[in-house]
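Chains: A, B and C, in written order; residue numbering restarts at 1 for each.
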Amino acid sequence: MTSPAATLLKISGIEKRFGGLTALSDVSLHIQAGEIYGLIGPNGAGKTTLFNILTGLYQADGGKFLFGDIEYAGRSKPHILAKAGIARTFQNIRLFSNMTILENVMVGCHHHSHTGIWGAITRHKNARNEEQQIAHRAAELLIYVGINRAHHMLAKNLSYGEQRRLEIARALATNPKLLALDEPAAGMNATETDSLKTLLQTIRNHGVTVLLIEHDVKLVMGLCDRIAVLDYGKKIAEGVPSEVRNNPAVIAAYLGG
Amino acid sequence: MRNALKRFLIIDKRNAPNQKRLAWAAFAVLAIILLALPFAIDGLFGRGWVRVLDFALLYIMLALGLNIVVGYAGLLDLGYVAFFAVGAYCYALLGSPQFGIHLPFWIVLPLGALLACLFGILLGAPTLRLRGDYLAIVTLGFGEIIRIFLNNLNAPINITNGPQGISMIDSIHLGEFSLGRTQEIFGITFPAAHLHYYLFLIFTLLVIFVSLRLQDSRIGRAWAAIREDEIAASAMGINTRNIKLLAFAMGATFGGLAGGLFAGFQGFVSPESFGLTESIMILCMVVLGGMGNVGGVVLGGILLVVIPELTRHLAGTAQQALLGKTVIDPESLRMLMFGLALILIMLWRPAGLWPSSQRRRELIAPAPPSV
Amino acid sequence: MDIFLQQIINGLVQGSVYSMVALGYTMVYGILGLINFAHGEIVMIGAMVALSVIQLLTGAGFPIFFILLISLMLSMIVCMILGYSMERIAYRPLRNAPRLAPLITAIGLSIVLQTLAMMFWGREYHSFPLLFTNDSVHIAGAVITEVQIIIITVALVMMGGLLILVHRTRLGRAMRAVAENPSAAALMGVNSNSVISITFVLGSALAAIAGIMISANYGIVHYLMGALLGLKAFTAAVLGGIGNLRGAMLGGLLLGLIESLGAGYIGDLSGGFLGSHYQDVFAFFVLIAVLIFRPSGLLGERVAERA
C-alpha cells in the first residue's frame, strides 16, 4: 500500500437542495489514496446524491471538492469527471442492457481511445490496433471481475450479481483513480458478497481507491479502512470501523431511522 | 429436407472454404443483378420505372442518413428533409442559369454535403444537450423554416426564385461526359436514367459501407450507449453532446449529398419537394424497415418508393373499376399509409420488418426504470 | 403609436389562442412527460367540426347564439372523444416503451388526422362564417373587433377555470399527484389511468375552443392549420416552462406579442429585406433561444433527471 497517505479526494462543504428538501448540507470528507472508504447512513440520507455530485450528474448548490490537483465546484460535466479519474456504479444497475457484455466494458474505454469517424470508416492500422487493444482489455476486465461468459452475451441476460460485477468492470475500464460503488452488494447472497469483498480488496491492492456505499454492515466493517456516516444530509460521524460502530449518534440514527 | 437445409446452413470448420466460395457466388450473383437491373426493368416495365428506381436509390441514401441519427443514436429528427433541401439548392444555385454560375459537379456535390453538415451542427449544438423530444420539435420547426425561406427568398433579391423553384440545372457531368443524355459505351447504349442509376448505386453502396463500418466501431458503440442509457454513458466518460452532434452531422451530410444528386438528376428544384411529407416518408422508411439495421432500412426505402408508385398506378384504376369513381386520391392514400404504418409498427412490430438483432431485443423489452 | 398599440392588441388575441393550445401540451407533458404531437390536429378538427355544424345550421334559421353553442358543444365532444381514444390507442400501450416509440406514433397520428381531414373537408381553404357583427371598438387609434374581445374573454375564463380545477379540486389534486409521482399516487388510491385520460380529454376540449376562436379571428379554416399552430403553441409552452400551467398561459401571450410586433417591424428591422411573411419564423427562433438560454422556461424549475 502507499505509505505516505496522500489525500486523493477532499470534499468540502458540499450542499444540495431539491426544492425545499436539503439533501446534503455542509458535507466534508477526506479520502486517502489507496484506502477503501465506506459511506453509510439510513435510506434517504443523501449518499447517492453525493455520488451524483462527485460524478457530475447533479450540480452542487454550494461547496467544492478537490480531486487530485484539480478543484471542482460541483458543476462539471460527467464526462470531465470520468476523464479526471472518478468512475462509478449505480445503485439501480444502469448497464447498456442490449449491448453485449464485451461492448459494455469497451464503452468504458471510450475516453482513453481515439479512433474517430475517419478511422472507423477506413479501419486503418492504428484504428484496428486500438480496437483490438480495447477488446483485449475488456476481455481481461471481464475475467478480472469474475465473469466467465461468452463475450457476445447481452448484458441484460446476466444474473443480478454478474450485472453488478459487469458494472464494476465497465467502471474499471475507464482507468479510474477512484472507484465509487453505490450499494454493490445489494441483492447478492452471502457467497456472492464474499467474492465481491475479495474483488474489492484486489482492486484496492492494484492501486485504485474505493469509495463504497453499502448497507451490509458486516461487509462495510470488515472491508473499509475508514467510514463516514450520513444522516439527513449531514455527516454525523467519521472514523475507523470500531469507532463508528460505538458512536452514540450513529446508533441513534440507525435505531431512530 | 429440413435437416439437409440445417446442415447446409450450419457453419463448421471443415465447411468453411465452401462457405466462403458460396459467399463469393452470392456476391457475384447480386452484383450481376444490380448491374443488369435497369435494363431488365426498362425492358419489362418501361423507362419510367427506371426513374422510379433512381429515386428509390436517392431515398435509400436519405433513409440511411436518417438511420444514423434515429437508429444508431436514438435521436428523433423530424425535419431531416431540410438537409436534403440544403444540398439540392446548393447544387441548383451553383450550377444553373439562376446566377450564371456553373461549377463542376465534383465541387458542388461535396460543397452541398458540407453545407448540410454545417447546418446540422448549427441546429444540433443548442438542442442536443436537451431531452430528445425537444430535438424532435426543433427539427420539425427547422424543416418548416427552411421551406419558408426557400419560398420567400425571391424578393427583394431573387436568390431562390421562390415557389417557382430553379430549373435548367446542369446535369451531372464529368468533363464532356454528361449523365443527362444517352451515352454509348463499349457499344452499349445507356439512357440517362440508366447512367444515373449506376452513379446513385455507387453512392448508395458507399453510404451503406460507411454506415456498416460506423456501426461497428468506437463511435458506433458510443452511439449505442447513449441510446441505451445516456446518463450511464456520460458517467463512463462519453461526451454525450459531441457524440450526438457527430451523429447529427453525419446524417445531415448524407442528406446533403443525396440532395445534390437529386438536383442534378431532376434538373429542377422547388420548395415543394422538401415538405414535412418527405421528412415523414424518410422516417417511415427507417421505422418500417427496422431502426438501426442497414438491411432493414434499405428494404424500407425500396418498399416505400415502390408501393406508393404502385398505388398511384393501381389505386385509381381499382377504385374506378370497383366503385366507379375515385374516392381516395393516391396522394391521400399514400399519406394515410405512412401515418398508419408509423402507428401500427410502433404498436405491433416496434423493431420493424427486418430489425437489427440488437434493436429488436431493446424495443420489445420494457425500458429500464427511470428512477 | 397606433400601429404599435394595434400590434399589441393583435398579439394578445393571437397569444390567448396559443395559450389555450399550449395548456394542452403542458398538461399532458406534466403528467406523462410526453409531447403530444397530434395536439395541433385536434385544434384543426375542432375548427372543422364547428365549421360543418355552423354551415349545416345556418340555413335552418336558428339564432346565432344557439348555433354557436351547438357547434361549440359538438366540436368539444368530438375533440374530447378523439383525445381520449388517441391516448388509449396510441399512447397507453407504449407507456413503458422507449421514448422514441410514442413520439413516432404521435407523428403517425397527426399525419392520419390531417389526411382524414383533407379527405373529409377537402384541400381548399374554407372561410369561417362571421358569427358576430363586424362591430369594433376604437381605442387610441387602434381597432379591436367584437370577436377579438370575445376571444380574450373566453380565454381568460377558461384559463381561470382550469387553474381553479387543478389547484382547488380533488381531481386537480389527483392530477398533480400523478404528475409528481405516479407510483406514490397509486399507493394513495389515485387511479392514474383515469387521471391521464381526463387530462387528455380536458386538453382536447380546450383545443376545440381554441380552434373555433382562431378560425373566427382569421375567418379561415384549413386542414393543415394544426401543424404550424401546434408548433407555435408548443413553443409557447416551452417558453413558459413546460409542465407549468401558468407558464403556458404566459408563454402563449408573450409569443403572440413577439410575433405580432416582430411581423409589424421586421421590414424596418431588416432594412426592407424581409417582409411580414416571415412571421412564422419568429416562433422558431424564440424556441431556439429559449432552449439555449433558459431550457427550463420562464416559470419552470430545473428538473434534474434522477440518476
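Assume contacts are C-beta pairs under 8 Å (C-beta built on N, C-alpha and C of every residue); 3 or more make two chains touch, one makes a residue touch a chain.
Nothing here was measured: the structure is a model prediction, and the numbers come from that model.
Of all chains, the one whose CA centroid is most distant from that of chain C is A. Central chain assignment: B. Criterion: smallest distance from chain C-alpha mean to the mean of all protein C-alpha atoms.
The centroid of the Cα atoms in chain A and the matching centroid in chain B are 42 Å apart. Chain centres here are Cα means. That of chain B falls 33 Å from that of chain C. Distance between chain centres (mean CA atoms), chain A to chain C: 46 Å.
Each of the following residues of chain B touches two or more other chains: 231, 235, 362, 371. Along chain A, residues 57, 90 each make contact with two or more other chains.
Across the assembly, chain C contributes residues 307 that each touch 2 or more other chains. Partner chain A is touched in their complex by these residues of chain B: 209-210, 213-214, 217-222, 224-225, 228-229, 231-240, 246, 250, 358-359, 361-362, 365, 368-369, 371. On the chain B side of its complex with chain C, the touching residues are 70, 74, 76, 78, 126-127, 130, 132-134, 136-138, 140-142, 144-145, 148-149, 152, 155-157, 231, 235, 276, 280, 283, 287, 291, 328, 332, 335-336, 338-343, 346-347, 350, 362-363, 366-367, 370-371. Every residue of chain A that touches chain B in the complex is listed here, in rising order: 55-57, 77-79, 82-83, 87-88, 90, 92, 94-99, 103, 106-108, 110-113, 115-117, 119-121, 123, 127, 130-131, 134, 154, 156, 170-171, 173-174. Residues of chain C touching chain B in their complex: 34-35, 37, 89-90, 93-94, 96-105, 107-112, 114-116, 118-119, 227-228, 231, 234-235, 238, 272-273, 275, 277-278, 280-281, 283-284, 287-288, 291-292, 295, 305-307.
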